[in-house]
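Once you've had a glance at the structure underneath, I'll fire off some questions.
A, B and C are the chain letters, set down in written order, and residue numbers restart from 1 in every chain.
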C-alpha cells in the first residue's frame, strides 16, 4: 500500500541534522531521518524512503544472503535441501 | 489516406466541465476531441484525427498541423516554450511524412511579461527553426490581462509536402511488423515535472526537445515501402500512442518491456513517484512501425542519425489480442498497457 | 541502455525469477487449490505490473486484500475533507493518490478545476513548508495511509508544535492494518490458506503484530517486499508452511524489515495519535480500533476540531460489490459494475479508485485474459 524505494545517503545537511540528501537512480531529494536516533544514519547508508522520510535502513548482508539463497534454488536437489536447512536455521536464530 | 477513416467506437462527451485531464493527452483528451469537437467539423481530412491532416492541393499531397503550447515553467533544462513550439509542429508534420516547408506562430502574452523573456523565446524559436531548416513566415500577437495566462502561450501552424513514396496508414500495419523507437523515453515529461519544483526532486536531466525530421528522412530514404505508421509520442507517452495505433489497426502490439530505453534518472523519478515511463511525454522521439524484413535496416537508419544511438526495436505487431498493447518481460510475465488516464499523478501511498 | 538501480534491479532478475517460479511449480500439489491473500495494495499493484500471475501455477490463487488507504476511505470522509477545502482562506493539501477519489460532489481534481485551493504534495513536510511560506493561508493536510505513512504525519505535527505554527492542521484518516486483517479472518465466508504480509507497514510495526494470524487462526504469514523476487519468495514460504502443516510469521523482507520495527517511529505514533473507538472502512463497514486520531494535546492542529465538517455517512452504491472483493470472496470481474459503470476514469466503487485497488489493477493490467 505504501510506495517506498531504497536510496543512498549522498550528503548530510549540517545546518539541519534531521535532513539528509538521498539519491535514487540519479534523482536526489532531501529526506527526513527524524525516525532514527541522531547520527544513526550516515553518509553512504542505504535507506528506504517514503513520503520524504527514511523508514528503515537497508541491510546489504541480508540482501546478499537472499539473492544467494534464491540462486541456489536453481541448483540440484541436494543443494536445495541444504538451502532449506539453511533457511530454517537462519529463522530459528533470529527469533 | 484522409479518405474513409477506420471504424472507431463513437465516444460521447458527457463531462460537465473542462478539467486539467482533458488536456493531458490521455483518455479524457480523446473524449473531448472525438466526442465534442470532431463531430461538429466532420470531414474526410479531419476523420483520421492524426497529429497532422493531409489533403491534395493542386495534385500535391499536403500535410498541415496546428498546435498550442502551454508550459510551466517557460524555460526548463534542455529547452523552453519557444523551442517546443517549433519542434512540436515540425515533428507533427514529420511523422506524417512531410518536411516542414513553413511555420506560422501566434502569441498570447500576459501583461507584465518581461520583454527580455519574450525576446529570449522569440530567439529560441528562430534558432530552432533555423536548426530544422524551416522559415517562420507569419503570425499574430494578442495580449491578455495580468493573471490571465502563465506568461505566454504560443500556437504554431505548419505546412509541408508529404513524401510521395510513403503510404502511412494504421490500416497498412500487418501482424509481424516491428515497432521501432528513436531513443530513451520520458526525458521531457520528467524534466518538466522536476522543473516545477513542487516535488523538491533534483536530477541531471534535460528535455529531449528536437526536430525528429532527420530520423524520418533517413528512414524514408532507407525503406520507403516498409514504413507503415509513425508518431511522436508526446503527451500520454508511448503507451497512449501505441494504444491509439492498436485501436486503429485492430491488431495487438507486444512490447518487450526490458527493451524500452529509459534513462536511469527517469526510471529513478518514476520509481519514487509511482509513475510509468510509458505514460510520460517526449518531445524529440519517433515511434515507427516498419515491415519485419526492413527491421534491421530501419534500426540502422535511426542509429545513423546524430542523437540516434539510443534507438531500439521495442516490440512487434501480432494478430492476437487485437486492439490492445501488451507488455512482456523476459521471465514471461505479461501485463496490459493502457492509455494514460487523466494527468500522470504521483502515487505515494 | 544500462539503468541499474541498486536494491531494485537485482530483485527483478529474469533468471532468478524463473528459478523461484520453477521451484514454486515443483512444490505445489497439483490436486490442491491454494488461496493466498496479499494484504497490501502495493503488492497487488506489483503482481499486475510485473505479470507475476503468468509465472505462478494455476492453482495458486492470489486474493487481493484491503491494504489500499485510498480505496478503503469512505466517501463521507472525502466529503469532509473537501468541505474543509471549501472554507475561505484554506489550502487543502493531499497526496496525488487522493486527487481522483470521488466525493459526493466530485473529486479533489474536479473541485480544484472549479476554483478550490487544493494542492498536491509529495510529503506532509511540504504541506508544513507551504504553511510557513504563506502565513495568510490556513494549510490543511489531508492525511491518509497505514502505519507506513502515519509516522511521517506524526513527525510533521511534532514539528508544527515546535514551530508553534498556527496556520496548519491535519485532517487525520490514518488507519491500521491489523484490525482489517482480523475482520477478514472473522468473516464467515473467509477461505484463505495464508497471507503475504505488508512489507512497508512492517518497517514501522515489525512482524510481531501478525503473530495472532498464525497462532489464533492457524494461517501462515510471510512479510514480503515489493519486487518480483520478493513476492515469489514469500509465496514459496507460505506454500512451504502449508505443506509442512505449520503456521508462523516469517520475514521474507529481512533486508528492509527489522523484526521489531522502527522504535523511533512507534514512539512518534504514541506521542501524537490515539486509537479511535471505531472507524468506517469503505467496503468493510465499521471496524473497532482501526484508525488513528490526534491526541488532545494536538487539538490546535486537528482539522476535525478546527473545522465544522458535515460528518455525514455516505453509503456505497448498492450494486458495487467492493466488500466481497476486499474480503476475497469475489474477483473484480465478477462484480456487476466492473469495467462498465465502474472504470478507472469514473470509479464507482472504492477499489477502482487507486491504481493499487484490486479492481483498478485488474482493469489496467490484467484484462488481457478477459
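What we mean here is this: contacts are C-beta pairs under 8 Å (C-beta built on N, C-alpha and C of every residue); 3 or more make two chains touch, one makes a residue touch a chain.
Treat the numbers as computed from the prediction; the structure is a model and nothing was measured.
Distance from per-chain Cα centroids to the pooled protein Cα centroid is smallest for C. A comparison of the B-C and A-B interfaces places the larger number of contacting C-beta pairs at B-C.
The distance from the centre of subunit A to the centre of subunit C, with each centre set as the mean of the Cα atoms, comes to 21 Å. Our note on geometry: subunit B versus subunit C, Cα centroid distance of 35 Å, whole angstroms. Remark: subunit A and subunit B have CA centroids separated by 39 Å (rounded to whole angstrom). Shared interface positions of subunit C, defined as residues touching 2 or more other chains, are 3, 5, 8, 15, 69, 95, 122-123, 126, 145-146, 148-149, 356.
The residues of subunit A that reach two or more other chains are 1-3, 5, 24-25, 50-52, listed in rising order.
Among all residues of subunit B, those that touch two or more other chains are 199-201, 264, 267-268, 271, 274, 347-349. Subunit B makes touch with subunit C in their complex at residues 17-21, 27-28, 184, 198-201, 258, 261-264, 267-268, 271, 273-274, 310, 321, 324, 326-336, 338, 341-342, 345-349. If you check the complex, the residues on subunit B that touch subunit A are 194, 199-205, 264-265, 267-269, 271-272, 274, 347-349. Interface of subunit C with subunit A (complex): residues 3, 5-8, 10-11, 15-16, 19-20, 22-23, 40-42, 67-69, 95, 122-126, 145-146, 148-149, 151-152, 155, 177, 198, 200-201, 203-204, 226, 229, 233, 240, 250-251, 254-259, 262, 264-265, 268, 356. Taken together, the subunit A residues at the contact with subunit B in this complex read 1-3, 5, 24-30, 49-52.
Subunit C contributes residues 1-5, 8, 14-15, 17-18, 21, 48-52, 54-55, 69-70, 95-97, 99-100, 109-110, 112-114, 119-123, 126, 144-146, 148-149, 228, 344-345, 354-356, 363-368 to its touches with subunit B in the complex.
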